[in-house]
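Here come two complexes built around subunit A, the first alongside subunit B, the second alongside subunit C.
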Partner chain A sequence: MASDTILTLKQITKKFGSFTALHPTDLEIKDGEFFTIVGPSGSGKSTMIRLLVGIDEPTSGQIWLRNQQIEHMPANERPTCMVFQSLALFPHRTVGQNIEFPLKIRGVDPSERKAKALELLELLRLPQGYYSKRVTQCSGGEKQRVALARALAFDPEILFFDEPLSALDYRLRKTLEKELKELHARTGTTFVYITHSLEEAMVMSDRIAIMKAGRFEQIATSDEIYAKPVSRFVAEFMGEVNLFEVEGTSCGSLHGHGVEVHLNGQASELGCALEKGMRGTLMVRPEFVRFLNPGDTCDYVVRGILRAEFALGSRIQYEVETSSGARLTIEKLREDRFMGSVDDEVTLGWDAENSHMIREDLHATA
Partner chain B sequence: MKTSATTRFALYAYGILALIFLYLPIVAIGFASVSKSRYLTFPINEYATQWYGRALESQTVSDLLVTSLKIAVIVTIVSMVVGFFGALAFARYEWKYRSLFQKIILLPIFFPQAVLGLSLLMWFNAIGVLPSWKTAVVAHLVWIAPICTLIVAIRAYSFDPALEEAARDMGASTFVILKEVTFPLLMPGVVSAGLFAFLLSWGNFPLSLFTTGVDSTLPEWLYAKMVSGYSPLVPTVGIMSVVASFIVLMLALFLPRLLRRGSEAS
Partner chain C sequence: MQQLDRKLGFFSALPMFVVLAVSFLAPLVVVVLFSVMPQKVFDLAHVPDFSSFPYFFEQGYYKSLLWSLGLAFCSTVILFIVCWPLAYGMAKVFGRFTLVITIAVVMSLFVSENIRLFGWVLTLMKGGLIDGHLQAWFGVGIDGALYNVPIIVFGLVYVYFPFMLFPLAQGISMVPDDARQAASDLGATRWQILKEVDLPLAAPGIMVGSLLSFVLAAGAIAESKLLGGQKIIVIADEVETAFTYGQNWPLGSALAVILIAVIGGFAIFGINLINIDQIMGKKR
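Right after this comes the complex of A and B.
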């Protein structure tokens, strides 16, 4: 995998009338990377991909594809291609005709086109007989593969995806996520993917950009985004999380707002020091919180009452209420389930290495 | 849903009565056209196809057929073209006065046709155009082209704009998109619009009455003959006109299917 930059955004903005859909944004995507932009609806991710593909033009800023400036180049002249959310397969054409479309536009001769289409059917594990099948007769997952085959027939420098899996049921989506990742590895093409599902992004991506209100909140690997989110927004976007408002005290400890946090040790040693009066958000994921037996020690300790227990398939989720009314979520694998019962008084704890201090106000958004 | 015996009976009774009400007159005309006598009487004593022979030999009837056909064919072709491009403007492109245009373009459909015909006739007089079958074409178009636009637009609304964007993204120019994507997808709409255009023009009476001048169409002639000087050719020509409509309808229904089968086989 080459590490050259294939796509560069310089201060890209997009306005619709007086509404700013995209604030000045910089971005570099590496050649061969699987890069995913994640955000809730209205975050600007669709606007972003339309600019990258060339369906819309930015209000200002530059887009570079390697050494070529392309922000005003129309979509049909760009060497990139997109798999649309609706897939945009031509319903009046067969599977084969759909896959061959980009080649037909380029004037490739029919026999060569057919050979390429059959090769792509094989790559995407579709039977060769599908070549003459009507697109409208294909199932959801098959259509997905046909759309991918058509985009690959184009042989793009960058392949864009606009939430192509969002309409599929859970199991099929999970299968296709893995297939996409595998396909990315096999083709070596740069994939730029947008989705509202961070779970989807984490399965597939080399790097993830989290988008909110027309800005990137964080661009990092999935591990880093999961363990070290830069903001409450990113932390909460990534599934269940426990967040506590804390304040630095003069003795170098932490004072919790709404929850009593006991530190076994100095905050500075635990890597979560806050200057006196400075506020931060302490984060711990549900799976890292433990039920403590008497005598157990942990860097952080919180006491409360077990209020509810939910079975989540392979995991069990617990809800604990502290004396101040704050609620904590804990998750355990079924085999590690907690043997207490609802309304028991429990002591919870977790270690510093599994928690993270979000210093939002200190953090300047890049 | 389960229906009781009474409900079923009511449904059948309704269905049969409605069909009788709709089809009895045309069936009666059918009988009249094959009656030997000059006037319609029941029961029919003697059947004969002589009036069909007479109708086919008649110069008047063939002139009427040619005039009606000329008007209908030209109106059909022009309406399909106008409907196709009109529907694109109507449904697919964002422009400033689009919603106003959408409302105004459909308005002529709701004008009383007699008023529309009269005002067109007065207008043709004012600009010094002598009314003939050609002015009737214009009159028919004023009423029929908006209907065709609406029919194609319904089809245009139902197709995903991403299809055109995807085609562009894969390198297609505007013309290629039109030829490879937009037109084939709107084709069923254009065909039904053409069918409507033909049938509406073929059977139109009020607009033709005002605007054909010295020429005459089939419906006009039928009316004239009923008002003054009944001819036994009236039911015959009427049935011929209905049969012609029916043939066009069948062609429109089955031709696309046959063509598709042909293109799939190749």
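Right after this comes the complex of A and C.
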């Protein structure tokens, strides 16, 4: 996998009238990468992909595909293509004709076209007999594969995906997510994927960009985004999270607002500490919080009362209320089930390496 | 109770059924019956002899039919080409302005076809609106704008414009935008999108519009009479003449039956040419 940059965005902006859908944005996508842009609806991710594909033009800024500036190049001249959210298959054509479409446009002769189409059917695990089947007779998952095959027949430099799995049911989606990742590995093509589902993004992507209100909040690997979100928004978008407003005191320890966080040891060395007088948001994921036995010690310790217990299939979720009324969520695998009962007093703890100080709202106490 | 409902349904439908039978079917039956009667009779109490049909070839009536079909074909092709961009705009681009166009085109139908054609005659005739002004301003006019074949085709295109425009706009609105975008994204040029996506997916609308204009134009009479000055005698004109001046009802009926059969044949052929269900994505 080459690590050259294949796509570069420089200060790309998109305005619709007085509404700014995309604030000035920079981005670099590496050759061969599986890059996913995640965001809630209205975050500007669809606007972004329309610019990248060439269906819309940016208001300002530049898009470079390798050494070529392409922001004003129409979609049909760009060596990239997209799998549409609606798939946009041609309903009046057979599966084979759909797949062959980009080749037909290029004037490839029929026998060569057919050979390529059959090869792609095989790559996407569709029976060869589907060649002459009407697309309107295919199931949702099959249509998905046909759309993919059609895009691959184009042999794009970058293959874009606009939430192509969002209309499918859960199980099929899970299967196709894995197939897509596998396909990415086999073809080596750069994939740029757009979705509102973080789960989908985490399963497949090399790198993820989180979008909010027309801006990238964070661009990083899924592990990094999960463990070290740059903002409250990203932290919460990535699933269940415990957030504490904390204030630095002397000797490197933290004074929690809403909760009492007792600091032990090396938090300052791990970058989770605050200067005296600074405020920030301390984050810890529910699965890293432990129920402490008497005598156990941890970097952070919080006391509270167990208020509720929910079974979530393979995991159990607990809710603990601290003396100040703040609520914490804890998750344990079923085999590590906590043997207490509701209304017990409990002591919770976690290690500094599993928590993270969100620097975004870091500010001095006035 | 259900039986009563059924009976009531039958009785409520009966008046309309009678009206349709008398007003649509009966005249057709009468025409078909007259077409097989001997020449120049005025009732049906004769032994059928089919003597009118040979006249179709012997007396050159087939030429009139060919003229009618030819003119109808030309005007349908021109209508399709002229209407496509406007219909496309109405279906995909204009938005609310589409309503304005729709109303404007429909309003033209409020005035009788003959009166509108006379309007064109006054505009184009020698010494008329255009020629007269040109004569007055430059001393040179345009001669011979009327009474030729192209002006008849123009008349047909003008009169049957709405019958092509609206079905076409309907057909184009059925072409999904994302299919066009996908085609473009996959490298297709505008012309390729037109050929590969727009035309096939709008085919039902194209076919309905073409059939309507073709059938109406093939049976048209006023354009060749008024604008063409009877330079060309179309088949509908011959039918009329046979019934009126000719006082030969069986001949008129025979010509009408031939016209109906030929146009009906084209219509059925056209409808079969496209499988509407298939294009609409209905499963077989």
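In this text, the second predicted complex is superposed on the first by the 355 of 366 C-alpha atoms of A that agree within 3 Å, B and C clash if a C-alpha of one lies under 4 Å from a C-alpha of the other, contacts with A are read in each partner's own complex, and residues count from 1 in each chain.
As a working rule, contacts are C-beta pairs under 8 Å (C-beta built on N, C-alpha and C of every residue); 3 or more make two chains touch, one makes a residue touch a chain.
Keep in mind that what you see is a predicted model, and the values were worked out from it rather than measured.
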| item | value |
| --- | --- |
| Side-by-side fit of subunit B and subunit C on subunit A, or clash | clash |
| Subunit B versus subunit C as contact partner of A:G96, first or second or both or neither | neither |
| Which superposed partner A:F154 touches (first subunit B, second subunit C, both, neither) | both |
| Partner chain in contact with A:G39 - subunit B first, subunit C second, else both or neither | neither |
| Subunit B versus subunit C as contact partner of A:T136, first or second or both or neither | second |
| Part of subunit C, among the options 5-13, 59-67 or 257-265, whose backbone runs into subunit B after overlay | 5-13 |
| On subunit A, positions contacted by subunit B and by subunit C | 53-55, 74-77, 81-82, 84, 86, 88, 90-92, 101-102, 105-106, 150, 154 |
| Residue ranges of subunit B touching subunit A (in the complex, touch as defined) | 160, 162-163, 165-173, 176, 180-181, 184-185 |
| Subunit C-facing residues of subunit A, complex | 53-55, 74-77, 81-82, 84, 86, 88-92, 101-102, 104-106, 134, 136-137, 150-151, 154 |
| Complex interface listing, subunit C residues touching subunit A | 176, 178-179, 181-189, 192, 196-197, 200-201, 278-279, 281-284 |
| For the subunit A and subunit B complex, residues of the former touching the latter | 53-55, 74-78, 80-82, 84-86, 88, 90-92, 101-102, 105-106, 150, 154 |
